[in-house]
Structures are given as C-alpha cells and as structure tokens.
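What follows are several structures.
The same chain A turns up in both complexes below, where it pairs with chain B and then with chain C.
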Partner chain A sequence: MNVLVCFKVVPDLDQLSGSDWLVDGCSRVETRFVKKIINPYDESALELALKLADQARGKALTTNLNALTIADSGANLTLKSLRALGYQEAVRIEADTEPDFTPEKVAALIAAYIRNTNVFDLIMMGRQSGVGDNAKTPLLTAEFLQWPCITQVTAVEKDSAGTYKVTAMADEGTVIRVIEPPCVLAVGNAPSSTLRVPTLKAIKEQADLPVKTYAADKYRNATPHLPLKPDAELLNIEVVNRKRKGIIVEGADAAEKAQILYQSYLKGWLAEL
Partner chain B sequence: MSLTREQIVSALINIVGADQVVTEEEVLKESSVDRFRRFEELHGVYTQPLPAAIVYARNTNDVSQVLKLANEQNINIVPRTGHTATEGGLETSVENSVILDGSAMNEIIQIDPYNLQATCQCGTPLQALEDRLREIGFTTGHSPQSKPLAQLGGLVATRSIGQFSTLYGGIEDMVVGLEAVFPNGEITRIKNVPRRAAGPDIRHVIIGNEGALCFITEVTVKIFKFMPENNILLGYTLDKMKTGFEILREVMAEGYKPSVARLYDPEDGAYHFSHFADNKCVLIFMAEGPKAIAAATAEAIETIVAKHPECIKVDTRYIKAWFDHLNWDATDVAKERAEIIETKNIGNTTEIAANWDKINQIYETCIERIRNEIPDMTLVGGHSSHSYINGTNLYFVHYYNVVDCKPEEEITKYHWPLKKIIVEETIKAGGSMCHHHGVGKHRTPWIKDEYGSSYYILETLKKAFDPEGIMNKGTIYPGR
Partner chain C sequence: MRYKVVLNGCSPNFSNQCSSVRAFLDYTTALEKETQTIIFYSNPALQPKLTALAPTTQVHLIKINHYEAETDLSILTELEKPDPADLYLFPGDYAGSELAVRLACRLNGSSLAAVDSFQTDQDQIICTKAVYNGYLQGKFSLSKRPYCLSLARGISGSSNNQVIEKREILQSDRSEAYQPVYIKGRSVETAESLKELEEAKFVVAGGRGIKSKDNYLKLQQNARRLDAALGVSRPVAMNGWAPLNKLIGASGIITNPEICLAIAVSGSPAFSSGIEKSRLIIAINTDPKAAIIKNADLAVIDDYKAVLDELTRLIEKDKNR
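For the complex of A and B:
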C-alpha cells in the first residue's frame, strides 16, 4: 500500500504576543518572527500513518509512506526528519505564493501531484491548519481526484489485504468504517498522535541526502481552473474580549462551597441546556 | 524503636490538626518523587518508599513542632514548597518519610520600596511576588524558567538562578535575610542589613541547603526598579561555540553587565531558533537598567561582537518572540507530560560551571561522548546562560527515546549514564558539577570529588545542625 501524507509547516501562533496581532494599516499578521511547527492536525496525520505502517508490519504487509508539503526550503529539515522516522519519500513542491488562503490552489496542486505520480491509494492530511483555518483542502483534494473523503479521522488500520478500517468522529459519536481505497482521510482530533522523534543516528543518515523538490509549474497545467487570488482577504483584526470575571466562592467547607456553586451558578445554567 | 506509620500520622495530627495532614495514597505516591523520576511517574510506577504523610505547615511554629517531633523520633523530613525540583531532592529515600510542605505559608509580608527589599513566607510563588512588585514599578530581578511555578523557600534552598543573572546575580546575591528552623526546632532569624563583617556569612549555611540542614520559612530579598522601556535586545548567529564563549568572556572582562547573556549551540538552538538560525549557534544579549547604562552596554556589546566577523546580527523581533515565551507554566508541564507518554521521548538537563579556559573543552568532550556512548539519543546540545568574571555555566540539554526497557529502568539505562559523563568530565576539568539545580539525590556520588578537601566543612555542617540525620536523607550528603 502507498500512503501519502500532506502536511504544512506553519508559524506557532501560540508564540505570538497580543501586540503582534494588531498591526495598524497592515493587511496581514506578521508571523515570520515566531518559530515554525508542523500544523498540529497534519502532525497527527503523519503519526497515524506511522502507526498504520507499524501495524501493517505486524501483519507482514509492506507500507510505503510518503510525505508532501508545498513550501519553501525552510521545510527541508522537517522532510529529512520524516525520512529519518521511516517515510520512504519526502517531497516538496516549491511554493511561489502565500498558500494560506488559497485552499483551491493547494488542493489542486496536491491532486495534480497524486494524479501525476499515480501510485497512492490512501491520502492523509490534517482537517485544517490554524493559519488558513478553512478546513477545505482535504475535501477539495478529494473532489479534484473524484475520490471519497472521510473527515474527523482519529485512527486508521489495515483491515485486510485490500481494505482499511477507519475510525472517525461524527455528531452521534464514533463511526468505524471499512473502506476500499483510494480515499482521502482528513485527520481530526486523534488521540495519542504526537509525532515520534527521530534519533540523531537516523537524522545523520538522512542529513546529506537531498530533498526531492518540484516546481509548482510542473503541475499547473493539470489544474487549469485554479483561482488566481485567495478566496479570503484579511481586512481587519479586532480583539475579542473573552476574559471572564472570577468569583471566589466563600463557604465553611468544601461541601458548603459546592452547594453554593451549584445553587447560585450551575443550576440555572444546566437548566438552560 | 521507630514509630509506625500510623503513630507518625497521629503525632502529626496532634501538632497541626487533621486538616493539615494528607495521607491519600495517590497523593503520597506523587509526593515520593520530583521531575527526575517523571518517566516512572507518568507510567504509574513508583519505586521510592511511600512517605507516611504530607504536612502543610501554616506557620513557623508548625514547622518547629514537626521538626522537633521528627528529630526526637528519627523521622526523615523532606522539605518542599513548589515541587519543581529536578535532581531528586524531593524523593523520599526512606520508609515513612514526612513531606513538610510550606506552600500554604504564602503571604507577602512586606514590600519596602524605600529600603528596596521584600519579605515573604516560604510558600510565596515567585510569580506572585513579581506581579505585585511590577504593579509598583519594581522587580525581583529573578526569573528562572520555573518562575510561574516555583516558590521562594525552594528557590533559596536550591540556590536558584534566573535569566537576568548576569546583572542581578543568583538568588544568593538577592537574599538579605532569612528565617529558618533547624531540626531541633530552633527558630533562627538573620536580620536584613546591607552587609556585615561580623564573622562568616551565615546566610550561606541556609541558602542552598536543599532541606538537608534546615527548613526555610521566610525570605527577604532585594528589589530593583523595573525599567523595561529601556531594554535593548541583541541577537546574532555564529558558527562556533568557541567564538561565542570568547565574546561572552570579553563582555564580562571589559566590565559590562547585560542582564541576559546567552549562547546556544546549533542542536539546542534548533528547538528555538530553526526559523532563522539554520544550523548555527545563537548569541543573545539584553541590556537593561537606566536608559544611559542600557544604551552604553548595548553599544559596547555591539563593538565587541563586531570584532568577530562570523557573527551576523538578526532582527531582534526574533529574539523578543522567543524571550516572551521562555518560562514554563502549568500548561507547558501538562503538555510535556502528554508528549512523553505518547512518544516515549524524554528530555532532561544537566547544568555545570567552569572557568573560561575550560568551558569549551568540557562542552566538546561531553557532547562527543554522549553522542557516541548513549543509545537512542534524539538531541544533545547545550547553552551558556549565566556568565561571570571568571567563567560561565553550561546547560546541557539531552533528549532520548526510551526503547526496550521498563519505565523504572529509564534512569539507569539513559539518564544516569548521561549525567555521569557530564559530571565526571566537568570535575576532571576543575569545574563545578552543579550550577543551579542543586545536588539533589543523584549527584551525591560525586559530592566528595566536587568539594575535595573542603568537604570537611560541608560534612561538619551536617554533623552540627542535623546530628540525627533526619533532614532529607540522601540529598547533598550521600545516603548511608
């Protein structure tokens, strides 16, 4: 089986200070000064794929893991780390524009790469990134490929030689489906999916091997209907005040405090639910 | 004959009341370790003897009474406040120990802006004191990474140091007076004066005692005017640590006092700075204080660095973004715990100090040996973060994947051999094996090598102040 995991390296927005968000007269948030991380949902997808390979290995099945990102050379370090973790191939498509608000463009490039390569039967990626936050890329990729897509995926296993067992969150709880590939999986809040860490030895083995890089133009002709401009534009930023006033409940002991908490605050709130 | 667990608990309740004594097994288990054994703890494995109880002291008299009882009944006492120790100092090394916790003694007793000093009980969180001081335009000048969690008593007991130490000094330079209780229940106060030449400086019997001699109940520290508007940050990338050490030395030798003077190697730096320092070392300074002094300090540093062409100045907004998120709060600790469980990857640190002529040799030897000798390493690097006229510190950072061993074997397979390399190479080169985390229980095998002939003084302190050996057995002083 050939699995492709698509990921994005993004600025760690938690590292932005409040003042960084409010830049007068600027139609973008300055994020280049904070460190970069793998988009957390993509990180989960990358780890789920490694777990899938571990599990398949236990069944004597071979899994080829591949990683793809659309980024500048700053992502090379991450791609090499992924190879050190067991990804056979880690590829970069050179980004020529800001991809954050152009999910159609990103999805079209991914779909073109997949069609061009023509070996993958399972595509995994995070459901959204904190930067673009549109949650459209996996769905659009599936649409461009005319493949089915499962969203909010939390686990995937090789079920038999030809099928996968996919666990996903749904409104009514957890749904487990057995699917035949090809399929796109949009990974959501997957438990225990922090990406494992490569050893120094494995990193050293990968350090001097080049990262396969392709120009975006190589795939552009395959996607003639790409929008030229982002479908969203940042016009203004306002602080949403979510601070809540804290109240210290006074009482003789824990039981009395709990009673006051329930009677004065929780009871009414629960009744409204 | 020793008291039973039940008798110990009963005697403690008689002194402080049942509300102040905790005996729930899960809490006792968590209290039998500190961050040194967090891999075991995260996997629900507890290898240390279970303490008999945790006692939350409400005042100095509680502390005195509990210590008297322990001294008379030979009960091991583990003093504690913020529970952020990293070197095993809070481990309960013998059966039926009692954790004497001062975190409920958390009153800021007095802030004295005229005499520039603040007095706090031992359980005052440093962050709380700092926040109060900032409101009136002052600062403690003390900012360890644990600031959001650590409390004054523990900070003094472990000879803590903060990120602005090159200007403000370590905690030992800040403490002007103390109250401490010794094992026989004796309450001692050292008065708050600017200086005195009336014999040895007895503050240093207490500062850094790690709960092995006494229990610190109150601390008075210096405070300083807070002038962040004058701060000037400087950041550079460079190729070699050796060059960075030379620059740090020159800044100190020329008499400049930046508050921050830090040098990261590429491996340690990659975690923080990979978005601008692509496999380079990173050198960071912050000049602060009155405007003219800050400006003159920054200008002088720039002149010194300019003599080293391999240094390239970086936009200070990179440094500011990093610096704003340097400290660890409870959220970071919780996140780290989840990641360790999921990835089996754990990181620790070992901090040492040495003179300028030895520091690079220690750095290079330790890094090479760890890379070659310790299995499953995922990161080994380090940084210097506290410089002095005659030398600097090195803060080794080491991460590894725990592979093919039980949780309780992690220390013997990885952590302890790693520490052994760093400690032994440092002592061999004439440096100190502990810069600011304390000895705890896991560097005691080398304590006599650390002190040499002066161990006589250290040993005599224990005999004099804790003749029954009830204070934090196995900490600083090797267990019997």
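For the complex of A and C:
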C-alpha cells in the first residue's frame, strides 16, 4: 500500500507578540522571520501514517510512506527528517503560488501530482492550517481526484490486505468506517499524535542525500482544467480585539489572593447563578 | 438572492445548527427570507421537531440512512438542476464545513468556510472569517455563484426559536440512493453529550500549564466540588490527558457561561474563541505576560493549585452553611 501525506511548514503564530499584529492597510502579516513548525494537523497526519505503517508491519503488510510539500527550499530539512523517520520518499514541489490564501491552486497541484504519480491509495493531510485557516485543501483535493473524503480523522489502521479502518469524529459521535481505497483523509484532533523524533544516526544518513524537487509547471501543464484562481479573494485583514479589563488581584500569597478574589468578586457572581 | 439552508437532521446538535443559522440570518439583510431549508434526517420520529426548528417556511425533508458526505452531496447536486439557488448556507459543524466546500466544487461555484458575516456588493458577496489562527479577521470577496458558505462555530443571537406558524413541507425518501460503495463497514460510538459544557453557567477550563493527566484528574475533582463543568485547551486534549469531548475552542466546544475560570491556559485565539462569550473570565496563571491575562476580566498571578484549592475551600464552606 502506498500512502501519501501532504504537509505544510508554517510560522508558529503563537510566537508573535501584540505589536507584531499591527496590520494597518495590509492584507498580510510579515512572518518570514518567525520560527517555523509543521502545521499541527499535518504533524498529526504524518505521525498517524507512521503508526499505520507500524501496525501494518505487525500484520506482515508492507506500507510505503511518502511525504509531499509545496514550498521553497526552507522545507528541505523537514523532508530529510521525515526520511530519517521512515518515509521512503519525501518530495518538494517548488512553490509557484503564495500558499496561504489559495487552497484551490494548492489542491489542484496536489491532485495533479497524485494523478501523475498514480501509485497512491491513501492521501492524508491536516484538515486546516494556520495563516489562511481555509479548511479546504483536503476536500478540494478529493473533489479534483473524484475520490471520497473522510474528515476529522483521528486514527487509521490496516484492516485487511485491501481495506483500512478509519476512525473519525462526527457530529453524531465517533464513526469507525472500514473503507476500500482510494480515499483522502483529512486529519483532525488526533490525540497523542506528536511527531516522533528521528535518531541522530538516521538524520546523519539522510543529511547529504538530495531532496527530490519538481517544478510546479510539470504538473500544472498536465491539468489545465483545474483552477488557477482562488474562490475567495482576500481583500484585507483586521486585528480581532478580545481585550478585557485584566484587573490583577493582588495579595501576599496564593491563599490571600484567592480570598480577595472570592470575597470581592466571585461570591457575588456565584450568588446570581 | 435566493438561498437554501442545508441542515443535518441526523445530528444530535440539530437545534444548535438552527440557532446559529437563524442568528446569522437575523444579522443579514441581503437575503429573501422565504426560501428553503433542506433537512437530511434518518429517524422519522424526529420529523415534527426538525420541521418546527427549521429557519424558513419552506422545508424539504429528505430521508437517508445516516449522514455520509458523499450521499448528501449527490442528492444536493441532483436537486440544484431543477431548483437552483444563488447561495447555500451550512452550519459550522463537521458536516456543514465539509459539504459547503465540496458542493461549491461540484456546482462550479465558490466556497468559504467558517464565515462570520456576509453582505452583497453588486455582482459579488463580501464575507469575513477568522484567519491567522484566529488572531485576525479577513475580509473576502466571492464572485462565482452559487456561493456555498459554512458558518463560523458559535454564532448565536437572541431570536433563536422564533415560531413559524405555516410551513410548506416537501418530503422525499432517498434512503436507497447513493450508498457510498467505498465504505465496507460502519459503526458509531455515540459521544457523551456535549450539552453539559455547552450549557454550563460555570466553566473551569484547564490549559497546557496543568502539565499532566494526574493534574487534570485533580482539576476534575475541583470542578465537581465547585459544581462547574470542566473543559480543556487543545494541548491538554492532544496530549491525551483529557478526553476530546472536553476540548474548548475553535475546533471544539464554544461555551457560553456566566463565569469561566481559565486555569493555566496561555490564551491563544483558537482557545479564546471558545470562552469569549463568558460574562466573567478569571485567569489564574503564573505568567503575567500570558495573552489570557489581557483577555480576562480578572487575573490572579500565582500557582493555580494553591489558588484553586483555597477558592474551592471558600466556596464549599459558604455552600455548606
């Protein structure tokens, strides 16, 4: 079985301080110099795929894990780390689009890569990523491929030689489906899915090996019918103000602060409940 | 502009879907009020309740076996040809969020997920939604009809359950249609009701700073003694310290309490959007620079365990008098 996990390296927005969010008249925030992380939902997808491979190995089934990102060469280090973790292929398509607010273009490129490669039976990626918060890429990828899609996935296992067991959150509860591929899985809040860390030895083995890199045109030219424009054009951005009074309750120690908080404020509020 | 509302009547949160759509429609003047609500449902016994809650006079009840996106999408695509709409409106739950994007793709329209406001502007519509992990709000224009929008989670208003006296009801049974062939088996583990946390007047919310599952269990004891519902931020649920149905925030439950005690949470926008409707937010945190401090009405800068234990003791003492 061939699994492709698509991921995106994003700025860690929680590292930005209040003044960094001043966006007067702009439609983007400067994030080039912010520490980068793997989008948390994509990180879960990468780890779930590794767990799937571990579990399939226990059933004497082989899994080929592949990773794909659309990015500049800044993502190469992550791709090498993924190879060190057991991903057989880790591919980068040179970004030809600003990826944050163009999910249609990104999904079209992913779908074209999958069509062109024609070996994958399961596609996994995070349901959403920060900056754009579009929550569209896996859904559009599925539509462009005319494949089914399961969203809010929290676990995936090999069920038999030809089927997978996919666990997903749904409005009615947790839904467990046994599915026949191909399928796109949009990974949601998957507990205990922090990406494992590769060994130093494995990292060293991968360090000098090149990352497979392709030009976007190679795939775009083959799929002229897929969209080149986003559905929704970003006009501007504004800061969301959530500020409240922020009164600090002072006291000599924790117990005194609790007493003041209770007597001066909370007691009255609780009485009205 | 002619619109259709699409609701998932197979879901236990149906009344929340209706409330959020009604609130959104109340704020939106650009739409004709008398268009159609499509309700996919599986349990015939619920028909009267589903119909009564629908936000429009015209209701199309479509019976299916159970919710599957592929089934709903095929039926919606088929219905568009004889009865087209300019706009499809979906609630912001799991089903609505996926259907909006995929339906737009099939109908060659345009989509936007988690929309919190909408207006028309000549040949386009203008919508706003959260971007940059909720730190910012983006304004977007869409120009390809039909527009398929899913709403942001937690939209609420005052006229939630306004009674519509006269209904025009259309019914169809599509339970034999479009069974997704890729699904070879399916089972559902019904979730513990989320209502306790959604409807609680007093919420205790624990964040990453609680540091362990043991501390989560202790926090659970405190919450019980305080008669408060307990929720957590994403890192707590992702670490497996707390079950997923306790997750508060943009990808979890949007609470609406009188009082929220935010314990050892950093205050990221994704979490804050889940507690910002609280009338009183009290933060307890060792870090005076944590974002939650400015986003709270009151803050105690100290070790949360000592503060919470004393607070619990004081509240219990008064309760037992």
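The definition used in the following text is that the second predicted complex is superposed on the first by the 225 of 273 C-alpha atoms of A that agree within 3 Å, B and C clash if a C-alpha of one lies under 4 Å from a C-alpha of the other, contacts with A are read in each partner's own complex, and residues count from 1 in each chain.
Rule of thumb we're sticking to: a contact is a pair of C-beta atoms (placed from the backbone, for glycine too) under 8 Å apart; a residue touches a chain by one contact, two chains touch by 3 or more.
This structure is a prediction, so every number in the text was calculated from the model and none was measured.
Of the two partner chains placed around the shared chain by superposition, chain B and chain C are both touched by A:Ser193. By the touch criterion stated above, A:Gly58 is placed in contact with neither chain B nor chain C.
Of the two partner chains, chain B is the only one touched by A:Val34; chain C is not. By the touch criterion stated above, A:Pro210 is placed in contact with neither chain B nor chain C. Set against each other, chain B and chain C differ in how many residues of chain A they touch, and the higher count belongs to C.
In the superposition on chain A, contact of A:Thr174 is made with chain C only, not with chain B.
Within the superposed three-chain model, A:Gly74 lies in touch with chain B and out of touch with chain C [touch as defined at top]. Shared interface residues of chain A, touching chain B in one complex and chain C in the other, are 14, 16, 192-194.
Within the complex, the chain C residues that touch chain A are 8, 10-13, 66-67, 69-70, 93-95, 97-98, 101-102, 104-106, 109-114, 126-127, 129-142, 144, 180-191, 201-202, 234, 237-240, 244, 247, 251-252, 258-259, 266, 268-269, 272, 276, 280-282, 288, 293-303, 306-308, 310-311, 314-315, 318. On the side of chain A, the complex with chain C involves touching residues 13-14, 16, 21, 23, 27, 29, 40, 44, 101, 128, 130-136, 139-140, 142-144, 148-149, 151-152, 154, 163, 169-181, 183, 186, 188-194, 231-240, 242-249, 253-255, 257-259, 261-262, 265-267, 269-270, 272-273. Listing the residues of chain A that touch chain B in their complex gives 14-17, 20, 32-36, 74, 77, 192-201. The touching residues of chain B, when paired with chain A in their complex, are 272-275, 315, 317-318, 320-322, 324-325, 338-339, 341-345, 371, 376-380, 399, 401.
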